[in-house]
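Below, chain A partners chain B and then partners chain C, in two separate complexes.
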Partner chain A sequence: MAVSFGVILPSQSQIVRGEVFTLSYYQQALDPLFLKILARSLLLALSTTVACILIGYPAAYYIAFKGGRYKNLLLLLFILPLWVTFLLRGYALLTLLGPEGVLNSILLNLGLIREPLYMIYNEFAVLQGMVYGYLPFMILPLYASLEKVRKIYIEASRVMGASSLKAFWKITLPLSRPGLVAGSLLTFIPAAGEFIIPSFLGGPSEVYIGTMIYSAFISARNWNWGAALSMVYIVMILVGVLLYMKYSREELRI
Partner chain B sequence: MRRLGDLALKVYVALVLAVLYIPLFAMAAASFNHGRSLLRWEGLSLEWYLRALTNDRILTALLNSFWVASAVSLLAVGLALLAAISVDKLSSRIRTSLHNIFYLSIIVPEIAEALTLAVFFISVNAPLGSATVVLGHLVWFPLVYVVLRARMAGLPPTYEEAARVLGASGFRTFFHVTLPLLGPGIVTGGLLIFTWSWDSFIKTQFTRGPGFETLPVYIWNAVGGRGRGLSPEVNAVATLSIIVSIVLAVLYSRYRSRL
Partner chain C sequence: MKNEVILQSVSKSYDRIQAVRDVSLNIGGNEFFSILGPSGCGKTTLLRLVAGLESPDSGVISIGDRVVNNLPPHKREVGLVFQGTALFPHMNVFENIAFGLRMRSYPKGEIRERVMEVLRMMNMPPEIFAHKRVDQLSGGERQRVEIARSLVFEPRVLLLDEPLGPLDLKIRQKMQQELKRIQRMVGTTFIYVTHDQTEALIMSDRIAVMNRGEVLQVGTPEEIYSSPANKFVADFIGESNLIEGEVGEDGLFHIDGLPPIMVSDMDKNSGVRGRAFLCIRPEKISIYAEAEHDNSVSGIVLDKSYVGTHVVYRVEVGDRYVFTVYSNTSSRSFRLGERISLGWRSSDGVLVKG
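Entry: the complex of A and B
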């Protein structure tokens, strides 16, 4: 890994072509079109993270506080999808939602629609797919930190007259911050460079930095451009993570 | 009121779980459909499984996935063992920076890592093929390392000291005391990296040579990309692959509880 980073650092990797050191590929990366794609990738990662928090928090809360004897089973059910690769989960979404997919087939057979619905190949479908993919990455760290919240704190605040909403806002939520931070990082970092979900569910205009790196390297065989893109992505992620850490006053612990 | 809230939360969790699992079940159900199109249910059949498992390309891909994941797991466990045992001899500053480098390979997104590796292999003129795929996956060995170190942290040094005091050589202590004690860690870490390797698409795609396909690469080539449509054979092998993943997950959680 260290070695490979050494190679990518002079990333324009003229090593590959034996050319001289150049920053022209980074210049290319400053092109407004590319900056737009970059912004779109970040926006997608951000909306994925926010949606995962909003959808995942109540679920994690339920497992941690109300799971009872089903706690371990529920936990297992949320862990299992993590063991199935995104490639298959993305394809599974396609078999469900695609124009020739299972959902269309059911609706057609029931006579509810006459023509297959186009539920995918747009930006919203990508977001749906991303949330579907990353939700377990958010729920598990959230659960882990909620699980450690001592019930006695919550009870104490209730005894002293706080409403349950206030107790949640002042006690539970702040105490679950480590889980929020870890879950957000686990979601945001890979989501910004996600390649598989957008290529299954996105339309032709849904280009993100991950799909760009992929096509730069695999389709166009332009390694230098691909390496420059990857560097932009890695640096962006590192800066983002450091800022987030500073802002959220959490240490990076893995 | 409170009852109602709990009930609503319960229904909500069930809904979230349904959303997580319905696509997978839909795909699995489609793989048992007799007809080629998903739009019409033509009865239950194992036809697509038969077709998939008699397809040479799919069989080769399955076999490749299996041996790559096995080789990667074995090598990674060896590497991680050596690292985990020897790292204590280093000064703490070097150890910390080593750990940071190790963690980097877990935290760096797969696509950036894949490209880095490919550029590295090309720049040192290593011919892309199955060997580069194995080497590429091997970069994930810190996964095993982390698990082993966690196991070691929970073991008192008394056992090894006792063996040495009773006259066992360093080697003997290692093979008869340390290694068995690390057993659950070795199995857990090995299963973890086996799964990552088995599931890897992007890294394999970047580091493979032409003609070398693992199962995920085959699946991508058959149905990946925009508007390529569905394939019942892929539904069948995908379902099989998910079953493998679930078996690995169950094994993992069984050994994990012994850590």
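Entry: the complex of A and C
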């Protein structure tokens, strides 16, 4: 924090005390251009979270209710990618989806396409990579809370007059909300600051807050600016998360 | 009386285990009907079949005048009470009870009215209970809320699956009376599943005794207690002395090592021929110093225990049989090892097949 206000000026190897207290780094960080990048990052994080819910909820539901004795195996399959570092998985996606990648060569060989599909270096590719990376963080807490939804609740609601769809809306979904909240936070927060996946799969124009902070620190070596950016980012996330938690808690009470 | 629930040759099996085997039952309107049997006898499966939570492999189930085989549970108009553990944890008492009404889109005002009314019927003042959370309720209160939420939408049949199982004795006895009161008040058909024979005897208009997926006997509590259809029923309902022997040509029942026994309704026990069991209830046997009954055997007191209302003697007879006998606390007490005579009227013995 002190760095962001210019009170501390870091040099190559040691930390030097700065001359004056300044807000100039914040001026830079709050420039409309950067705010647009920030908004885009939040949008990416949001769409990642939504996509993870859309894919993760049915998956977790299936494992919890229909998994039977394969429950643990299925769960393991979803967690397995976590054992490999993100960096490696980034390269894996590149080899899979790239212009000369596995998928394209298969499709080309089958004659389904004439030219390689551009599946990387665009926004959709970034989203794909993000969902791939964050899905386990959604599925695990969802599974944990869905597992605790006892079958007897659903059966009771069915006999009391709820169709299977109504039973899901009124019983299963509300009872799994803690997992949904936890999973969303676990996905949204790190997704908003993600910089590895966008730098692998995004095009040169795909700049997100994470990649910006990364380059501010590592490439530009402007620690003050980087720190200010981080502060803005942290505050935004904090406000967002607090609002979300307040909302979800109220929902729970009804 | 009109039959409300009719089962015709209903069978159901799970992975080669036959849970319900060719069961046919006619359950009348307004009846308190119990299905009694040991755990794993298929009684819960039978209930779930009626509720629509399982579908039968074969047979016909009808509720009212409708065949419901292909009707999903929410269209069957039945209530199902679990063991007080199925209340929705994310809703309070009011919302739990209102659930069935909301699913049927009742207007708000009527929902309120009905919930309040059913709470009062359960002796639960709405102003105290309506807004309590489920985890603030005691076991008995939960049970009553579960019954309330299943009764509030006026189902044709209320199914109860061992509803008093987890409660302790005192509350259970209180709830048994409550349930009878409620059943008389609302006049709905109750189908009550239990493994507790005392409970079934106390509460039911009629009882079906089940074992291994089959219904062995259907009848009033008196019928089932005094003339059990077979050895299993005799053994399962109440306590009984069951001694194996043979029906002789002379009209007497012959037991190895004992004098021939007279059984007065040998004719009524028609069909019982050859090897059979003599069933005598412990309270029907008297202990005398001298023989003076239709039937009498002599034995030695092995054991005695005082249980408050009566004394239980275990008496060894003919070196190989042990009789259980209930004796009045006011009558003479016998010492361990004392030689005594046991006597019973010929009409108190019943012959059953194994």
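In this section, the second predicted complex is superposed on the first by the 224 of 254 C-alpha atoms of A that agree within 3 Å, B and C clash if a C-alpha of one lies under 4 Å from a C-alpha of the other, contacts with A are read in each partner's own complex, and residues count from 1 in each chain.
Just so it is clear, a residue touches a chain if its C-beta (ideal position, glycine included) is under 8 Å from a C-beta of that chain, and two chains touch if they have at least 3 such contacts.
This is a predicted model, so every value here is computed, not measured.
In the superposed pair of complexes, A:Ile113 makes contact with neither chain B nor chain C. When the shared chain is aligned, chain C comes close enough to touch A:Leu175, but chain B does not. When the two complexes are overlaid on their common chain A, residue A:Ala220 makes contact with neither chain B nor chain C.
Once chain A of one complex is fitted onto chain A of the other, the partner contacts of A:Lys166 are limited to chain C, with no touch recorded for chain B. When the two complexes are overlaid on their common chain A, residue A:Leu74 makes contact with chain B while staying clear of chain C.
Looking at the shared chain after the overlay, A:Arg158 reaches chain C, while chain B stays out of its contact range. Ranked by how many residues of chain A each touches, chain B and chain C are led by B.
Of the two partner chains placed by superposition, A:Leu54 touches none, neither chain B nor chain C. Listing the residues of chain B that touch chain A in their complex gives 6, 9-10, 12-13, 16-17, 19-24, 26-27, 29-30, 37-41, 101-113, 115-120, 122-123, 139, 146, 195, 199-202, 205-206, 216, 219-220, 223-227, 229-230, 234-235, 238, 241-242, 245-246, 248-249, 252-253.
Only residues 51-53, 72-74, 76, 78-80, 82, 85-86, 88-90, 99-100, 103-104, 149-150, 153 of chain C touch chain A when the two sit together in their complex. The touching residues of chain A, when paired with chain C in their complex, are 150, 152-153, 155-164, 166, 170-171, 174-175, 252.
Across the complex, chain B is touched by residues 1-5, 7-8, 13, 15-16, 55-56, 58-59, 61-63, 66, 74, 76-81, 83-89, 91-98, 100-105, 108-109, 116, 121, 132, 135-136, 189-190, 192-193, 195-196, 199-200, 202-204, 210, 213-214, 217-218, 223, 226-227, 230, 233-234, 237, 254 of chain A.
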